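Heads up, the next two complexes both have chain A, just with different partners, chain B and then chain C.
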Partner chain A sequence: MVKPVLLPTDVAFLSSLLLVGLYFWAVRRDLLMRERWRTVLATPTGGAAALILCLYVAVAGLDCLRVEINGETKSLLDYLVSPLREHVETTYSAPFAAYGYAREVIPGASGAARQDYPRLRYGARHLAQPSRQMHADVLRRGMAGAGLGLLFLGGLLALVNRLRGRPLAGMFTPLTESTWRLQWLTAASICLALGWVICLAPYYHVLGTDKVGNDVLYLTLKSIRTGLVLGVVSSFITLPLAVIFGIPAGYFGGWIDDLVQYLYTTFSSVPGVLLIASAALSLDLLLQQHASAFPSLLARADMKLLALCLVLGLTGWTGLCRLLRADVMKLRVAEFVTAARALGTPPLKILLQHLLPNTFHLILITTVLDFSGLVLAEAVLTYVDIGVDPSMESWGNMINGARLELAREPAVWWSLLAAFCGMLGLVLAANLFADAMRDAFDPKLRGATSPSSS
Partner chain B sequence: MSLLEIQDLIIEVGRAGAPAQVVAGLNLCVERGSTTVLVGESGSGKSMSALGIVRLLPRAARIKGGAVLLEGQDLLRISEAAMCDVRGARIGFVFQEPQDALNPVMRVGDQIGEVLTRHRGLRGLARRTRVVELLEAVGIPEAGQRLNGYPHQFSGGMKQRVMLAIALAGEPDLLIADAPTTALDVSTQAQILTLLRSEQQQRGMGMLFITHDLAVAHQVADTLAVMQAGRLVEIGSHADIFERPTHPYTQHLLRVSPRIQPDLAPPPLPVEAEPLLIARGLCVRFPGRRGLFGRIITQVTAVDNVDLIVHGGETVAIVGESGSGKTTLGRGLLRLLQVDAGSVNFGGREFFELDRKALRQARRDIQVVFQDPFSSMNPRLTVREIIEEGMTAQGLGGSRQGREQRVARLLEQVGLEAASIARFPHEFSGGQRQRICIARALAVEPKLLVCDEPTSALDVSVQAQILTLLRTLQQEMGLAYLFITHNLGVVAQIAHRVVVMHQGRIVESGPTQTVLFKPTHPYTQSLLAAVPRLP
Partner chain C sequence: MTYLIRRILYAVPILLGVNVITFVLFFVVNSPDNMARMHLGQRYVTEQAIENWKHVHGYDLPRLWNPEAAGTGHVTRTIFYQNSVRLFMLDFGRSDGGRDIGFDIRQRMVPSLSIAVPVLIIELFLSVAFGLAVALLRGSYLDRWITLLCVAGMSISSLFFIIAGQYLVARVWRLAPISGYAGGLESVKFLVLPVFVQVISGLGANVRWNRTVFLEEVSRDYVRTAWAKGLTESGVLSRHILRNALLPLLTTIVVTLPGLFLGSLITESFFAIPGLGSYTIDAIQSQDFAIVRAMVFLGSLLYIVGLMLTDISYAWADPRVRLAET
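For the complex of A and B:
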């Protein structure tokens, strides 16, 4: 029996992506916006960050499409990386290890038991004498991976060249050309990494295994969805709140402004962690009372994630709201708004046609900057056990689990490092992207970089 | 050897791939004890040249070639550290906007003293004494106390005096003044020009004065250099340029510069004309200082008991200096801000008694054109959407097609090509934008157009075109204008009647001929006396 499954957070995440897609479709004819987005992508760091963000979004998107087969729910990502998912060891093992991390009692051939490091069930299983063959094997497979990566890159370059109508002869010039070089180098690194993972990961645990023997690379990949869902869905909850409260407050002033100010001052005075902790605890209680509504562990964990998004969204709108209010207060005395009033344009239309489009750069930049804050918040909240469910793969859970492992001798450093790198990649890319966006969209900065009139 | 000699100065802006030359080979000399005026319209490269001399160009611009010789030393070839000894000590600089050029959180005495310490090595009492001397020299009374004030406690003219004191503090050989009076009222402008001229002559400095206003140039210049699109088109003595201009561009500039001449003003309308707008006893007050809990302690009366009548098809100019309440009066009449007392009868209806819905409909008859052609249009809308806005709001023009035809017709009326319809405001020049703004106002077929300084952000030649357009539209459509301006030269060209405002009150009103050429009120007389005039 094959049946597609859509969890609430999957729906929320995929529809958020759809909204982003719709936005780009809507502005595709707007020359000004096209020019600005082009500027963002043409900025070396902005373009490279966009590529990395796309990779993350693709992984998370694949992880959101699930099917139920014979009562077992798996995502497309699970199928794509099934060797990683299925190669479960008994406990810790270091990256590229052939033997376990801890000594075990191994029954000998002659019946006499001895204590030794056991061979791993899956890691380097294909080698008869790992200590002698491993280096050569890793090197050989690494070369094959690099070759595969270069093949990907070549295909990509050929495709782009064909679309641009350039001769095939100068195929590798984008890599040496100055303007788009960093973007192409990033694409090349992504291709190489993909090639290595495809060639090495089925035979080795490239990032080791965790306490219960799960492959850390697999956990890291699965964590991407949790982090992205949290960041994206929470952002999409804050957006309408900030816009609906902030813009009218700035435009109308008076009692509306007083009310909104009161609201956001109150909200930002409540300690966020406390609010989230209380929400998490009451949700736990609620889930226990209605256990029948959530039959599987997955559904329960997903509900908790959605609730966390909701709480973070409901507390996170005040910053953007304040910025929007201040910006609209400046805009409402702009002459084009006064002219609209003089023409008899109704207030709602002034808000939608004049104020919203002119504050859009602010909304975009702030949202992307806040996004990285939300991804980091997940890790922190999960670390103090009020974040996502312990059964859900997330960077916060990986770090939480790694807390004690670091104290062991020899230290188990790989899960912490993997979680750190996964998170760093996402947050750094988001921040760099926000920076590039600010340079392209913010009218104040644009004035400083473009030639001023004499 | 000249004090300053600029040789083939080339300044570029823009990306390395597609540079644009804003100054294309400038050759100019400034002699000791004389004033050279650099005249040109916006974009002519005059300010860029001035900034290039002291190597203070904005980041996007760079010097591509040439030499700037100050007493034979090439300023473009010395180190930045050496340049710091030149700026302030040998070249003083006065900027256009005193508001932006002074540090708002630093006492003015310290801002002047900074230069004295850096370039003259003065400290303590000697420094203070010198600051007082300088402030007195630039005409600031009670200098001993005022040096402890902050910039916001000084008026615009006073700030420009402080700027001049800073420029003079290093006892420079050359003073560069970049449009130092553009942001000021005419009477203040007259004082600052006199002061600049006398300081320059007393100290025997060379002065490079930059302006777009030929009348100002006429007052201060010994030598004039006219720039157009980055090139020097004509250079000559005061008499040469004003009496025997040879280059067609100079001749054109002189022709279009507004003059206050009796033969230009349109005659007053026949008395039988129907009054269109009758305002009685208008008062607008702004809350001034607020006390604890937002209680209003003082009030500023911006418009004080003003009566005004505008007839159909008539142009009434409201003239006054900044702060006279002329803009507030215009916005009050439009009900764009709260009026505290008075009534406005527009076409037989009491405008201030209309409810919200009736007011929105009534707005059709009275429209507005603003000063700044850059902020008066939503940058995110196309020209078509901008002009359609009023029609949609008022339910005019019928179908989508009907509206589009009307937009096309309006564009033609204001002298823009039909292809402009799908473009965005930033693709147009200042004058073209002002035409779009006029089309937007005309789209709802108003009877009265309130023009709030519609030409003061424009170059003189563009200004002349917009004034011609407004006159033509008046003849074609019988529009009435309420023309708010500080520029008496513009008034002389367009107004049937003039109303002079001072501190919220109307001090004099009457036909243009009478008010401009036989003024009775002392304020009007002093205002007219302060206006720089061309021969």
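For the complex of A and C:
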């Protein structure tokens, strides 16, 4: 029996994406906004970061669409990468290994047992003599992957040209436009990586396996969803709070301002980690009491993730709120607001039509910056044991499981490296994107921050 | 003076608010019954055992209002009063495990501070130096690369800095012990690595911030005037730019003060240093709510003291700021 399953965080994440999509739909005819977003994408780092973010979002989105078949819930991503999911070894194995990590007792053909490294069940299974054939095989499959990647890239180029209404013959022109070089380079590396993964991952453990034999590449891919859900959903909980408190406080002043100031000083005076820890502990207890309400381990872990998003969102609004308040206080005395007031515009309309759009760039930039902070926070919180559920794939859990394994001989470094790259890619992209956005949206800083690129 | 008193009085409602938050989190969301069950184990627990546990820890009182007690006892004989008013006297009481929290905190302060203070000083020195250098070279390729490097540094989880530091410095190069702590002068050997790691992991964000601060100053008119007068480079830097950038720098320092106290959370627990950070982590992991409550209170107290110090240092650094007006 096949039926779609939607977990609470899936709903939250997908609807957040929908909201972002709606935003772009809404501003598609706004010339100023179009120009600004074009500037963001035309900045080399900004455009490259946007591509990488899109890749992450696509993976996470695929991981959010689940179906239940015969009592087993799997996401679309699980089906796409099913060889990775199913190739489970017994324990650690290095990237591209054909033999296990530790010696085992292997019964020999003549009945005498010997101590040796066992062949892996799946890694390099198709080779009869891995030590001799492996290099050639990896090289061959690597070439095939590169070819496939180039094919992807060609398709992408053709598609872009088609959309821009250029003839197919001109499809190599974008590469010569120097401003778009980094973006195309990023697209090319993404295509190449995709090609390699498709050609190599079914036959080798490209990033090794972890303690219980799961493919690290699979874990890394699954972790993308956890990190993104945490960052995106928490941000979307933060936004309304900061806006509802911050903008009126700055505009009205008086007792409203006093109250909001009191609220955010109180909240921000509690050290962040402790506040999150306290709230997470309390919610955890609450969940434990209602454990029977969740039918499966997956639903329970998911509820815990949602609770964590809630906690991070409820504790994270003070920074943006303070910024908004200060900005609105400056805007309050601007001519256009005074004019609106003089014309008898009701306060609510001033807030929504004049102040909100004029502080929107601030909201966008701060949200993207906070997002990267949230992704980093996940690892730390998981280390302190108040983060995501241990049964859920996340970068924090990967680090936690592998941090003591560097002490082994030989060191088990691949899990850490994979988590490191996965996190760095996402956070760096978000930071660079926020930078590009600031340059494009904040005219005051346009000259100051990147004089060389303009 | 009156200003100081006013600020201190202003801090009281904030601390009260902090107490309300922790109270709601620990006693309203979770009843003391749950906490008792948590500590005594989920199953095989008798009502009597729960009652005993609650009584020993003083959690058997009503939450906000005690109808049975007489006079002011209505308010004072409650969990909220007992738990929050005592904190204002800096009396932290006993942990759920039965230890004296105040004593623990005093003892663990020394290792914590001996990491936090060197980190603060070295970080400040390095980030100001780098920030100035980058601001002067603005627009050059070097500036662009260093800024990019800073963003990359910001994007790396502090956990990786610690893990990499421990692996490279302690295991591969064997320059310092991996973790541990000893009293007295011995401790220096153990502190070098955590301090180094923490400085490095904070450098990216700080240099970037200082760069923007200095850039804002460099483009001002008075700096151009100073150049035009033919002052030397070091003169313009130290006498003009640095002094005017002091205010934003001070703010960042004070904002990081409580952060240092907590930033050591992870570092301390990784390096097995018996400071306040690892104390808190242990409390969180063993779910000792009394300690977590005490640390929340202490942390917010430090933050508020920090805010006050910022205002006072503003007046010291910039004669135009008058305290009475703020």
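Criterion: the second predicted complex is superposed on the first by the 445 of 454 C-alpha atoms of A that agree within 3 Å, B and C clash if a C-alpha of one lies under 4 Å from a C-alpha of the other, contacts with A are read in each partner's own complex, and residues count from 1 in each chain.
We take it that a residue touches a chain if its C-beta (ideal position, glycine included) is under 8 Å from a C-beta of that chain, and two chains touch if they have at least 3 such contacts.
Small disclaimer: the values here were computed from a predicted structure and weren't measured.
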Answer with first, second, both or neither: which of chain B and chain C does A:Val384 touch in the superposed model?
second
- [ ] Could you tell me if A:Thr265 is touching chain B, chain C, both of them or neither one (first, second, both, neither)?
- [x] second
**Prompt:** Where does A:Gln129 make contact in the superposed view: on chain B (first), on chain C (second), on both, or on neither?
**Reply:** neither
For A:Leu31, select first, second, both or neither according to whether it touches chain B, chain C, the two together, or no partner.
first
Chosen between chain B and chain C, the partner touching more chain A residues is C
Field: Touched partner set for A:Gln115, first chain B, second chain C, both or neither
entry: neither
Where chain B and chain C land on the same part of chain A: residues 448-452
Chain A partner, complex, touching residues on chain B are 13-14, 20, 22, 42-48, 58-61, 331, 334, 336, 359-361, 363-364, 366-368, 370-372, 375-381, 389-390, 392-394, 424, 426, 437, 440-441, 444
Listed in rising order, chain A residues that touch chain B in their complex are 31-32, 334-336, 338-346, 349, 353-354, 357-358, 448-454
Given the complex, residues on chain C that touch chain A span 13-15, 17-18, 21-22, 25-26, 29-30, 34-35, 38, 42, 138-141, 143-144, 148, 151-152, 154-160, 163, 166-167, 171, 212, 215-216, 219, 258-259, 261-262, 265-266, 280-281, 284-285, 287, 289, 292-293, 295-296, 299-300, 303-304
The answer for chain A against chain C in the complex is residues 45, 262-263, 265-275, 277-279, 281-283, 285-286, 288-289, 372, 376, 379-380, 383-386, 399, 403, 406-407, 411, 416, 420, 423-424, 427-428, 431-432, 435, 448-452
